[in-house]
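Chain lettering (A, B, C, D and E) follows the sequence in which the chains are written, and residue indices restart at 1 in each chain.
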């Protein structure tokens, strides 16, 4: 299967704090990769490096065979080709922990904004797809509401629809349910499960081990900025090798 | 023993919501009475009616043999004799859930303020007592610190010292530990236990059944604005009569 | 070189006029502050009539230009002169710009400061108030122990800005009131000098410099006081601690 | 056709003022128009506050000041004047009727004047030591303050005070000696505008000769004069 | 007055007299002079918005020089009274223009011939009439209150939640698209309360127009209220200025009231759909 994502030896520092210390990771089409790890281990940072919301200080990211061109390594590193960056970003559907729906637009406008503005697609066609997606995530009735009028779970589902509408090659989820109450969490996890079953390629940061076990093809355990262990669900949860991971899993089990 | 507190047929409504529906309660010198009950049952309201932070719509409160004079019954009821009210209040030491220390005064100033201002006592004498009390609750070293520089547990202990310094006839505690972390809770419960052992008269609203069992002479279970059951610790916890209380206690045991 | 000499020669010309600006500010601030406290308490009162009256006063004086207030006050005082001030023998005081100026400024700053204090009054923690009441304090004692210290601390940064802008508005006094003998304030002096040689850049810049310098002194002093007031707040907690910033919300 | 821009105050009846119709009117407005007619120029009146009226002339906002301005040596240092179009006229004291003010030995008085006038200069020179001089921006204001009792005395042009006394219903009266200051009222022009000065002088001479000036004076100053014709 | 007899019959002598008085030419001039105030407020307000946006852009710029200019501009009005600026800007502007012009037209002879300190020669003199002063007043108001506006807008730009912008970037919007579609659009919501304040300040500052030799409502109020003793000049009356100034006082309060109403409407509109806090 085709390689969708390839990260090689990624380093990222904030000032003096080195958050990622050489991470390599890849995902093939249809893979669902869960990133787990304790708070502060660098999961969000890694995810944000994939679509260059954070620019890695060192290391490369290749998406769908296209290498993101960055200037020479160091803290001042920046993308050299803004057009390429935008093209690549528009293949990545990011779902944030705090939804980040644009609060001044209706749900439908939120979903249609990027396809029309960035991908320059036909408005009518986008609209059709947007409505279909909203229907799929179960909030078609809310198309003309504003984000603030929705519950957290509905907002997150809208955010997923927004990400889907750009027909992304790769979906990125950063703890998509941790801002939600347990009841609302269920709604959103249901949608993500559905996408996983459809065979979408996804990278998923989560704290919910049960859910990770359920949807992932591969699980990656990040610890202090490095990948401490990775493998299939069975390998990681069943035959844990690292002490750290065992410790982490036992703590997570309690919570 | 002398009757310190006597409440007869107390009613209190907020607008259309009747929170207390006829509560009668008394406490004799040296009694430690715990008020328990689920959230919203009216425990805080009852406590606040004792020192007239809320004025009951109906019913009487007698403290240390002195009947608090109120105007005719109804929603506009108010104290008719502000001097008497202040005199009675200065016999009641109230400890709030959220401490309510005066943030711009040092701990020592907090403790000394009411005795000097309200009871017109001699400054040097008050100071001596205040320092002794701060020592007693274990925060003598913090006398000159400001509240914001203290941990929650220390703040609550300071609040207890403040209440003690007016030599109250009756101490009122409204969930004094529920704003605290479990570790800090222990500190404060220790101090309250010490006071109970000293033989102080206290009314204590609490959610901590274990603690209630430990310190109380009598336990009062409030439900939907009425006293559903009351008696000694053994009667209430050992030989529970009401179904409601049994249900409440089993839920409390889980938490 | 010549320019520098001109500037240096010019600066002291404003020293005496500056005293007028300082006088106007110094005379009106304390009185205005006392009124402001009363107005703020009135606006916060339970009594509907008092509340309405105080709110209306504050609204009127914040909602209209000080420039017009000066004219209005002078003409009203003048209209009252034959019926009140002269018969009572206090005309010498009531009609003096050194009195009417501060009077108008007092009425004005009282409204602005009252709004600031009112906003601060509403942030007084209810729990602290209840604690004071629970100890049997009288309403006045509650005010002294809890309400006032909390209010003034919250209001201080905004009040500092109000002081600066009151000081700035003293520049309007001699644009509106008759001039007694040779009393002139900074701006008047600058204008006078300008009308002689048309050197706008020199005179107005020096006048601005004087205002700026005095403004800085005000900020320094009020900032010091604020530091002392806020001793009880840990320095890091910037959220609960309004920063003293040179960022006025209102001028007139 | 050349334009003559005339600067005036518009608050100094009967010399120049805004009437109830909202138009500039008064002796100097009529005179200005007469001059323009005589010289074949177009008149344009520009209103200016009194205080900066000379600076505004020098700055070029208008070409001639006709604002009841007396010819004085001090002013002659900055600008030129045409020949007078109103002869030297006494200034007078005005006060509340029966105030009993001893103007010969004044002390502790509040003396009102319009700022930057010859009367202001006179008061400054003679009374400043023992009295308070209150300067107003306009003549009207000084009278308003006098009527309200805020000043004890106003010193101003007799010609302007006449209608005030006449219409005050007996509340105000002129008293004391005439004060002779200034050298008549003339039009102020910039020093370098010698040509304009000559033109205006020539026009004034002609208008005086044919009685126009005297007729206007008689019309606006309640029958005063004639000054310039026999 | 002859034509107004029917009025006398209709409403009685007193009212008819006052109606006549309040509609005489002088009063009509007063009413007409409100146009200066309104124009100054509207054009001054628009300019303030323009200067404010420019100032905020400069202050938030990536270039240190622009940032410094922006910061100086924004803090400029803080230390010095607005009246001073209001007097100074028009003079400075006039003198600046005359100075540039004098380079073109002045000859050594004409400079020598000129007596005054300014302008260098007569030919370079720029005559200011009411409308030119009005334009200068608008520009001054724009500059002064533009500084306040810049401050408000700068703060509002920073108040827009970062997540909103990150989401836009994550979907591949260009920086310009992020700025126009999301950032500026949401900025208004946070800026409106501050802008409302600045607007009220600006309205109040329009009362200063008379300082620039503009016969505005304040000047006319003084004229109308001044005592008049000359029958030829119209109704003989005492000092009525207090009444006229109270009228202006009330006028400004009403304008403030209306403005606040308008702004709260605007806020509701701009916030539609957005979360309400506080």
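Note that a contact is a pair of C-beta atoms (placed from the backbone, for glycine too) under 8 Å apart; a residue touches a chain by one contact, two chains touch by 3 or more.
What you see is a predicted model, and the numbers here were worked out from it, not measured in a lab.
Asker: What chains touch subunit D and also subunit E?
Answerer: C
Asker: Taking mean CA positions as centres, which chain lies farthest from subunit A?
Answerer: D
Asker: Compared with subunit B, which chain's mean CA position is the farthest off?
Answerer: D
Asker: Measuring centre to centre with CA averages, how many angstrom lie between subunit A and subunit B?
Answerer: Roughly 51 Å, centre to centre.
Asker: Centre to centre, by mean C-alpha position, how many angstrom separate subunit A and subunit C?
Answerer: So the centre of subunit A lies 56 Å away from the centre of subunit C.
Asker: Could you state the distance in Å from the CA-based centre of subunit B to that of subunit C?
Answerer: Once rounded, the distance between the two centres reads 46 Å.
Asker: With centres defined as the mean C-alpha position, give me the subunit B-subunit E separation in Å.
Answerer: So the centre of subunit B lies 60 Å away from the centre of subunit E.
Asker: By residue number and range, which residues of subunit C touch two or more other chains?
Answerer: If we look for residues of subunit C contacting two or more partner chains, we find 78-79, 198.
Asker: Listing for subunit A: what residues touch at least two other chains?
Answerer: There are none in subunit A.
Asker: Quick one: which residues in subunit D touch 2 or more of the other chains?
Answerer: 59, 141, 144, 147-148
Asker: Considering every pair of chains, which are in touch?
Answerer: Contacting pairs: A-E, B-C, C-D, C-E, D-E.
Asker: For the complex, give me every residue of subunit D touching subunit C.
Answerer: 51-52, 55, 59, 112, 115, 128, 132-137, 141, 144-145, 147-150
Asker: Could you please specify the touching residues of subunit E with respect to subunit C in the complex?
Answerer: Interface residues on subunit E, with respect to subunit C: 75, 78-84, 87-88, 91-92, 95, 116-118, 151, 197, 200-201, 204-208, 211, 218, 221-222, 225, 239, 241-242, 245-246, 248-249, 252-253, 256-257.
Asker: Where on subunit E is subunit D touching in the complex?
Answerer: 24-29, 113-116, 118-119, 122, 125, 127-129, 213, 215, 222-223, 226-236, 238-239, 241
Asker: For a test of understanding, state which residues of subunit B touch subunit C in their complex under the given definition.
Answerer: Within the complex, subunit B contacts subunit C at residues 51, 53, 82, 85-90, 92, 94, 96, 98-106, 113-114, 117-118, 146-149, 166.
Asker: Along subunit C, where are the residues that touch subunit D in the complex?
Answerer: 78-79, 81-82, 86, 91, 95, 178-181, 195, 198
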